[in-house]
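Naming follows writing order (A, B, C and D), and every chain is counted from residue 1.
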Amino acid sequence: MRLLAFAASLRADSWNRRLIALAASAAGAGAEVELVEFHAFDVPLFDGDLLSALGIPAGAQEFARLISAADGMLVASPEYNFSLPGTLKNLIDWVSRARPVPLRGKTAMLLSASTGQVGGIRGLWQLRIPLEGLGMIVSPDMYTLPWADKAFADDGTLKEPERQTRLEGMVAGFVTLTGKLSSRALES
Amino acid sequence: MRLLAFAASLRADSWNRRLIALAASAAGAGAEVELVEFHAFDVPLFDGDLLSALGIPAGAQEFARLISAADGMLVASPEYNFSLPGTLKNLIDWVSRARPVPLRGKTAMLLSASTGQVGGIRGLWQLRIPLEGLGMIVSPDMYTLPWADKAFADDGTLKEPERQTRLEGMVAGFVTLTGKLSSRALES
Amino acid sequence: MRLLAFAASLRADSWNRRLIALAASAAGAGAEVELVEFHAFDVPLFDGDLLSALGIPAGAQEFARLISAADGMLVASPEYNFSLPGTLKNLIDWVSRARPVPLRGKTAMLLSASTGQVGGIRGLWQLRIPLEGLGMIVSPDMYTLPWADKAFADDGTLKEPERQTRLEGMVAGFVTLTGKLSSRALES
Amino acid sequence: MRLLAFAASLRADSWNRRLIALAASAAGAGAEVELVEFHAFDVPLFDGDLLSALGIPAGAQEFARLISAADGMLVASPEYNFSLPGTLKNLIDWVSRARPVPLRGKTAMLLSASTGQVGGIRGLWQLRIPLEGLGMIVSPDMYTLPWADKAFADDGTLKEPERQTRLEGMVAGFVTLTGKLSSRALES
């Protein structure tokens, strides 16, 4: 089974980047994980005229290629203004124009780290909408990490064993879910 | 009273652009309306490192300046993937970093045109969230125009008198709402 | 594989009741379907004191029993006031107090009939939230039937062959999805 | 100015009941507040046949009467399963059938107390939808009280002065908002 993993943040020192690294590592026990930088998916602002003139931009094609080759994806996304980041939505808007829509039938697990107490959960609920609208099976289990600036140990794991165990369990559950749904997995 | 108006679409031949022109015209009876191109608010993809290094980009500063000088805004926004456009959310994400947040206390009326039968209403419900989260008073009345490709007469008004009348009435109601809330209006 | 099916409407002459009958019939090709009346799940208004004093009421226990014995459920739900029916949410609120939560790990497919043009889709998006929050795998494909009062033929099927075919295809896809996820199915 | 206030909880010992009492008291400085028990709005489960046969039930008529006589309302609502309580939605579903819809044009301020860390904010975002859909002006400012079981002093105020001050400020802002919008207030 193959999983794509990325943090939907362009900031070099992003808590979501640390969180996705940890989730990717946990998934590595049961899947081949491709962890990529969000910059790999850099695209212009969505513009229908640009689409007509030049087609789908390289960053969105790269996303389409990677998700097509995978069974599912892990996304750690910050919450911006009670919703998903505009950057991530803009990427989805471009990718949604590829045919067939490469997200359809793939699984997704959503995570969020924040330095506040709510942990980014509101943004993840808004992120579900375009993903599900495009045909993804989004895991009902979503992992949120509040107080992220105090959460990580030097080795990149979570200081509180309970949080680390919960993350590993949730990721393992997602790998199992994806395995059941993946025709690729069933064939092998 | 002053209102900012724009369509959240970069496409030259956008139905939402026609719709906002019509709404701006209707609002012109009771307010001074500044109708601007969405390109005036062009910004890079949101990146916390860019914000730290260079501050808020020019396009978002322009939006901040215009909404600060206004009592409210009219926005015609397409629906992309059952949610708001990533481009518009990306702009909001930049503008939300200005202090004080220039959207706070202003009013907004949301409109959407689409060539389908649902008229973009799902996108508008998702657009409410960041705007309200940032302190705007968003009118409960939202105008959606289904089958937009068949809706406009040559003079830019709506062919069906009922739709035209409903738009004018809703915009007039929004102007009244904004007038009640605006300290500017009360002073004059 | 077993599926529970019901319409979330108490009205005798409900369009959603007709729609669920049709969906249940379509599912019957690949699953054992238990189609029940919403009245079977009659419960009082949720009240924490009532819960403490008398436990979970009979209607919610019946729902818990049926979904526990099933692999997934088909629900046809009207849209009330841009959201899910209070009656259905009230039932979910009661059922959510059972331990273990009987919805967890089960699949759901959501449908909606309405006499308007939007077909109830806004209500279904709001219905996803508590179901997913409680751990259900809700199919990304949702079936909405606009203009329901003109949609049904005398034999209970949909007059427009395209709509009928789309319903059958979506239900078949859901049966396949449920089959992949169901341990019950894998065992047999 | 008159405000209706209630907690959307039937439980006698409800944290939301304490919170609404505090909010009503704060509002009392600038408005006449009618604080009522949620039991005053007891209604059966919504049923279109019941509506046809018997009309709108007494509890919903009482709600309609009180909100019609008021300029706005304060509602403290628990979060149930990541959404609004079914009980409250069921009441709204009944009230929405009254003509004219008595909620239209009134203001609302939403509050939520919870014993967890998220404070009920997800439920309030879902509660906004039917209220705004029915034409209410819902304040963008929502008050959430996390860890409610440790929050109240013996005199019913909040132990942490910062929380108490924030509540009072937000309620005062809502009274001002309602005053600007209320024709009643402007007349007097």
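Following the convention adopted for this analysis, a contact is a pair of C-beta atoms (placed from the backbone, for glycine too) under 8 Å apart; a residue touches a chain by one contact, two chains touch by 3 or more.
Only a predicted model underlies this, so the values are computations on that prediction, with no experimental measurement involved.
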More Cb-Cb contact pairs, comparing A-C against B-C, go to A-C
Farthest CA centroid from chain A: chain D
Expressed in whole Å, how far the mean CA point of chain A lies from that of chain C is 29
Dist(centroid_CA(chain B), centroid_CA(chain C)) in Å evaluates to 37
Residues in chain B with touches to at least two other chains are numbered 82, 125, 129, 133-134
Per the touch rule above, chain B residues touching chain D in the complex are 125, 128-129, 132-141, 177, 180-181
Note: in the complex, chain D contacts chain A through residues 82, 117-118, 121-122, 125, 146
Residue set of chain C touching chain D in the complex reads 9-12, 14, 42-43, 45-50, 80-93, 96, 126, 129-130, 133-134
